[in-house]
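Below you will find the structure I want to go over with you.
Every chain is named by a letter (A, B, C, D and E) in the order it is written, and numbering of its residues begins at 1.
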Amino acid sequence: MTAWLFGFLATLALVSALGVILQRNPVHSLMALIVTLLVTAVFFIALGAVTIGFLQAIIYAGAIMVLFLFVIWLLNIQAEEREAGHLALKSFGALAAAALVAELLAIAGRAPAPEAAVKPSPAYGTIATLAAALFSHYLIAFEATSLLLLVAIVGAVALARRMPRRRSTAASPAAASVSATGQDVSAPEVSRRAASA
Amino acid sequence: MFIDLLIGAVKAVVVLLLVLNLTALLLWFERKGSALIQDRVGANRANLLGLGARLGMPNLGLINTLLADPVKLFTKEDFVPDGADRFLHWLAPFLALFPVLVTFAVVPIGDAVTIAGHRIVLQAASLHDDALYVLATIGIGVYGIALGGWASNNRWSLLGGIRASAQMISYELAMGLGVVAVVMTFGTLSLQEICRSQGGVWFGWLPRWGIFVQPVAFLMLLAAGMAESKRVPFDLPEAESELVSGYFTEYSGSKQAVFMMTDFAEVALIAVLLTTFFLGGWQVPYLYRDGFILPGGVHWALSGPAVAILGVISFFIKTLVLCCLQLLVRWTLPRFRYDQLMRFGWKFLVPVGLLNLVATAFVIVLAGH
Amino acid sequence: MVPISYVFGLSAALFGIGVCGVLVRRNIIVMIMSIELMLNAANLAFVALGRSLGSTDGQVIVFFVITVAAAEAAVGLAIVISIFRSRETANADEFNLMRW
Amino acid sequence: MGGYWLTGLVFIPLLGAFFVLLQSEERALWRAAFIFSLLPLAISLYLLFAFRSGDAGYQFVERYPWIPGFGISYHLGMDGISLFLVVLTTLLVSLCLLYSGGGDIAQRPREFCFFMFVLETGLLGALLALDLFLFYVFWELMLIPMYFLIGIWGHGRKIYAAFKFVLFTMFGSILMLVAILYLVHIGHQALGRVTFDLADLLGVTVGKTPARWLFAAFALAFAVKVPMWPVHTWLPDAHTEAPTAGSVILAGVMLKMGAYGFLRFAIPLFPVAAIEATPFFMALAVVGIIYGALVAMVQPDLKRLVAYSSVSHLGFVMLGIFALNPQGVEGAVYQMLNHGLSTGGLFLLVGMIYLRRHTREIAEFGGLWSRLPVFAAIFMVVMLSSIGLPGLNGFVGEFLIMFGTFLHTWQAAAVAVLGIVFGALYMLWTYERVMFGPITKKINETLSDLGAREIAVMVPLIVLMVVMGLYPRPLISRMAPSVDALLARVRTAEQRANTPSGAKLVASLEPSRSHGPR
Amino acid sequence: MNHFNPGALDILWLPLVPLIVVAVGAVVVLLAGVRVSDDDSEGLGWIALAFLGAALLFTLPLIGQSSSTAFAGAIAIDNYAAYFEITVILTAAVTVLMSLEYAPDFRLAGAEYYSLLLFAALGMMLMAAAGDLIVIFLGLETMSIAVYVLSGLMRQDPRSNEAAMKYFVLGAFSTGFLLYGIALVYGATDTIKLGPIAAALAGAKGGSPLLLAGLGLLLVGFGFKVAAVPFHMWTPDVYEGAPTPVTAFMAVGIKLGAFAAFLRIFLVYFGAAATHWNQVLWVIAALTMTTGNLVALVQGNIKRMLAYSAIAHAGYVLVGMTAAGAQAGSAVLFYLLAYAFTNLGAFSVVAALERRGERRDAIADYRGLALSHPGLAALMVVFLLSLTGVPPLAGFVGKFYVFSAALNAGYVWLTIIAVLNSVVSAYYYLSVVVVMYMTEGEARPIAVQAQPGMVAALALSLIGTVMIGVYPGPYMGAASSAFKSALSHTQVSSRQLKLRG
């Protein structure tokens, strides 16, 4: 990766990441996040992790983020008039995060990075290499992942599906108000996103 | 180095121009094709200098669609509704079009040719993981539509946007399953390689096209692709009768034109992908590196450039046929209901795709041993 | 060529921004987005470090992390939906039925 | 090995606890509880007579591995010091149950009996355990039932009192747990194996500095329980608010646990540290004696008065213990028994009058002599025993203690004598205000004298007071060998620490091990 | 291109059978629940129980096997895994038992509820058996995601929603730290397998800032999961809001799972390098105990109180961890077992009193319980006393073991802080006793009938609490052999390294 390309991409990544946390409007935050994710995908590809880069774009940027978009719309979350929250808490948060970054950067600076001493083989980062690892050394992890996704599907459906009506008694006011909002229509979609990912 | 860059740029421009022209052509075909199907004349008014009549084809309306339509659209007022998110409203159409256009970069329109000592692959960009790239760009394409719907500050638009994104995400899965089946069959992610391995024949007469190995995947990809392009019968996001015009209700002028272009570019994209995956891409049946060898054993020698040109022509013919097929479907079938659409996607396409995948895997493993 | 540790440094910065977002923002969706940012930064670190080591393991882990992120997002957003049904707000400060 | 007598003694009450839970009818319940409580009493009496006097070691020993990984065993045994406390415990529990059945406990009698029996198990177990872990288990176990007894059946600020009691004692004892663990750790290094057995740990010589700390932790736990001034403040509250039976057990047995702990664990385990601490403890004991007596003098509440007199009496006990000579220690043990009888008796008597008048204010009474002659007579005997009138048991104990203390530090004895004088003063003054003079309150004229059950409760106490006052020999002879053994151990340790060679030996052993003579 | 080579994998199915049984159970419950109404989900609970029982049976053959690994080191086969698996299965079983009536009463979605419960247990078991960081991570996520949902399953109850939300946000936040920590460790050592990481830590790379920062972040991540101060903020709210059996499951199961991995990483594999981390842990342990106990003093809600008590207990466990070493490891394992039964019991009582969808978790609601429900009150007393650490109950022996380990390692002051904390804790535990026994009048008249599931849950917890307390020898032996078997991995790997070196 050449220096100017790195500089450009890194700046883009940082600016968009800051955009995520600075934008008032959640949709704008989301857009910034998508840009960050895509830039990261480019980094992946530049670092030789081509497959992972594309997967990042397909799943992360292409599917998971749509899920966020849905929910923002479903709930009609508007831009905040003015950030609530305590100033002290916020500055503490910012300070803590800054300290963390400083420390990590210091570590990055001191880390004896073996500057890609190893010239990766042509197969590095290809889907074949990845698959071979997935189905041998990481077999258990891979299987666990499938269960994890099942858990997520079941969980998301359990939480977001339409509230069942009471069989015996009349629907309680709370239940009625929930079904009246009509937000349930797309609720199954939420869970389906998980499956598509 | 410079030459390589130049070749790359030229290839990119060529592909871009081809796509743009293809979309224009599709627009014309849509106008006149629908007229034909519905037994009416169709666009026929604009008649620059009486050119059409002079050429003896006043009813083709080529000028209408190729010239008058764009001019009209690009000169109309660009209206942004009150309360809209101006930036995203402006960005959305391009966000929709861009991913579709860049997808074409990896589509091989012909075999490699050698010009002046440079081996040129007729493919704007040759990545290792073309198939993943295609899926990635298609996945990103959702945002233009979705944001366009949201940024318009209009209920119909938003609803259209939501529908569009849900639909696209859902059918992306089916599409992915189809692509994976194809990739497994050919053992490569490179589209050029996929095309290449579709050369030759089985049984001495049957072209080794993907459609004969993966008919299920072909149908799946066709259906899913049409759903991705959000056209009838999957045009729930626009659904004039319910949502006015869906996500681009609030668009006018050039931005509207870009959305329309996206539509047609997607149709073209589906066609080229299906061609590449299932119809041998630039392969011409019985045509080999040095000429035709027909099933009977007849040999007809051809020069290298001629073979290459034939390949490109065959690719475009196949693509056009598939485009026409899609347009035909558009004017033949009624629109789905939204739940039908979802049910079809999730409860039919996905299971079928998974079964197909399992069957493919079994066949590969059994054949491999 | 840019040293890999620069990329790692970038990932650290992204991680920090994510942490900051969780701590500072009160909009629940944005908080979840910031968490995604953290995971993404971790992914970048995995790939960068993996590249400098010349090993594929980092990429495999990223594969898993993306899956986990998907699962977390699905459940997290379902939780947001379910809380929104009763509260009609996405501001974490208003979730104060119980003291933090 | 001596059969399963001690196990039976400890766990029969626990069986009784669950047995009484099965009783549904109240009268049957009390009867069953009392009869059941006679079982451990009978066993303890049997042991009293089966006990071989003149034997300094433990008798009726039972030892089985319990948690072998930790060298923890179920190790019970009895010597001359614990013998009488065991008998006192079983006796007082029986009497309390007998008394409480007479209307003192109106609510939830089943649970009351349950907790009394659990408490008895805890007390007996703590007295008999020869394994530090086992001891700690029982030590903590007796807290909980007492907590319930005070909290449920108490009066006034009962919850405050219960909490104060538990938190004070737990604070002390949990530091003792740390000390036990640390001692075992030292023992592990010294002996090469983990053991909680008292006999094994007595063979470990602890370095000087750790010994001081460990002794301090043990001493804190036991001093809270005794209670020594200034950690006594839980006691007046607990005594005052507890139900009568609770106060009796608390004063009669539980306070002795502290003193017993000093004798059984703190002093033998860390003799040098104990000797070093002697002036400090003697001073505290003397302060406690005087302070308890003075505060008792100004109490308007009868029960509180008795409670403070306990502080004073236990001061004597501590004084005797830290005299560290046969007279002092034997006197202390004797005084523990005396205090159990006399203060237990006093609490019972206060309970009886409280049942009749629902007040304990001294000012509310006066002239009861004429109305309640039996009550007044019994009160008189018990009070005189408490004061230490010659001929009654209190005299023997106090005399021995004063004698021992005088031998050790005559100044302490001199000041402590004041305590006796004050004791006589406030007791007699109180008696005068309650019993003599004209009846000032109308209501007091309607009071009835003691019933048969109440007299039955008091008679054994009176008999014992007289017998122990006139013929202390059988008791002394049984406890003397154990006391002598203890003191011998202290002396040996002291000499070793004081002779230059011994000091060097100890110093060299500081971090490591030794097989000290047992 | 490297081809898939199954021969390179040491595939051993036996250690996975319990996990597979639980997973199958979860799916079966889910499918069986398709047509089951939420009011009638008891049958599903019994199905879940049956599968848990089967899983327990299949865990038994794992006990006593010599320590080894499977699946290229991803799965560890040892008594340690078996110990935690058995404990987790028992915890899940007790949770199911106490849910049998609770779930329909509160109209929890039955199929999802039991299935997620099993999935969460699966995640915990995976964490216990994991041999590399990524499997630990995935196990943690499986567990966490399932529990996020479980805690929000009372969907009509805003408090439950809020609990799920808070738990999710902070849980996912901590996941980020954990993951970044894994990344750093991976970057420093070029492996995610615990054995080689430990070797690297002991070797030349031991002082690498990357590795140490990675360990720090792992500490933060696990700190969140086990609710160590200052990463405990979520605990009280989540415990209060979640359905009570879920709270029990969280208080016990999540701690078991998280500590299983935490201990395996830090105590077993990084134990040799304890100097790198146990100073930090010392402070965290002291803070955790003290904060937990002090804040618990002022709680008016029993679940909140138990939440802070759970924080405090995590602190005691951390005391054991700080001590590091074989005895400390066994002590901590034993403590977790004792803690599991005791806490399950306490929460069972809380759950038993909540009926027909009515929350009854204010401490004031327990007024007069000794008269209206003497049995429940007595059981509660037993569990509270065990939590306080009163002999001869499980909690006491656990504390005894842990403190003894800490003292032996020379942490006298930490032990003293710990025991003083126990005294403080006595105050708030006994306050509940006061409310139940010593305060007259009943707060809100309730009548709770004995239900078979609840009775079984209470009985199991009681037996566990008393048995472990009165006769702890066998359990201590199990804990010690479990920890030793885990330790033997490191010896094997270091020996191999030596041979190679």
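Following the convention adopted for this analysis, contacts are C-beta pairs under 8 Å (C-beta built on N, C-alpha and C of every residue); 3 or more make two chains touch, one makes a residue touch a chain.
Keep in mind the model is a prediction, meaning the values are calculated, not measured.
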| item | value |
| --- | --- |
| Those chains which touch chain E and also touch chain B | A |
| Intersection of the contact lists for chain B and chain D | none |
| Chain pair with the greatest number of C-beta contact pairs | A-C |
| Chain whose mean Cα position lies farthest from chain B | D |
| Chain nearest the overall C-alpha centroid of the shown protein atoms | E |
| Where chain C and chain E are represented by their mean Cα positions, the distance between them in whole Å | 25 |
| Centre-to-centre distance between chain D and chain A (centres being mean Cα positions), rounded to whole Å | 68 |
| Distance between the centres, which are taken as Cα means, of chain B and chain A, whole angstrom | 29 |
| Residues of chain E touching at least two other chains | 134, 138, 141, 145, 148-149, 152, 155-156, 164, 184, 187 |
| In chain C, residues with contacts to at least two other chains | 8, 15, 18-19, 22, 32, 48, 50, 52-53, 57-58, 60, 64, 68, 71-72, 75, 78-80, 82, 85-86 |
| Per-residue overlap in chain B, given as positions that touch at least 2 other chains | none |
| Chains touching one another, given as label pairs in label order | A-B, A-C, A-E, C-E, D-E |
| Interface residues, chain E side, partner chain C - complex | 134, 137-138, 141, 145, 148-149, 152, 155-159, 161-166, 168-169, 172-173, 175-177, 179-180, 182-184, 186-187, 190-192, 233, 236-237, 240-241, 304 |
| Touch list for chain C against partner chain A, complex | 1-10, 12-27, 29-30, 32-34, 36-37, 40, 43-44, 47-48, 50-54, 56-60, 62-64, 66-75, 77-82, 84-86, 90-91, 93 |
| Contact set on chain B toward chain A in their complex | 85, 88, 127-129, 132-133, 135-140, 142-143, 146-147, 150, 158, 161-162, 165-166, 169-170, 172-173, 176, 189, 346 |
| Touching residues (chain side chain A, partner chain C) in the complex | 1-3, 6, 10, 13-14, 17-18, 20-21, 26, 29-30, 33, 36-37, 40, 43-44, 47-49, 51-52, 55-56, 59-60, 63-64, 67-68, 70-72, 74-75, 77, 80, 83-85, 89-90, 92-94, 96-98, 100-101, 104-105, 107-109, 111, 113-120, 124-125, 129-130, 133-134, 137-138, 141-142, 145, 148-149, 151-153, 155-160, 174, 178, 181, 183, 187, 190-191, 193-194, 197 |
| Touching residues (chain side chain C, partner chain E) in the complex | 8, 11, 15, 18-19, 22, 28, 31-32, 35, 38-39, 41-42, 45-46, 48-50, 52-53, 55, 57-58, 60-61, 64-65, 68, 71-72, 75-76, 78-80, 82-83, 85-87, 92, 95, 97-100 |
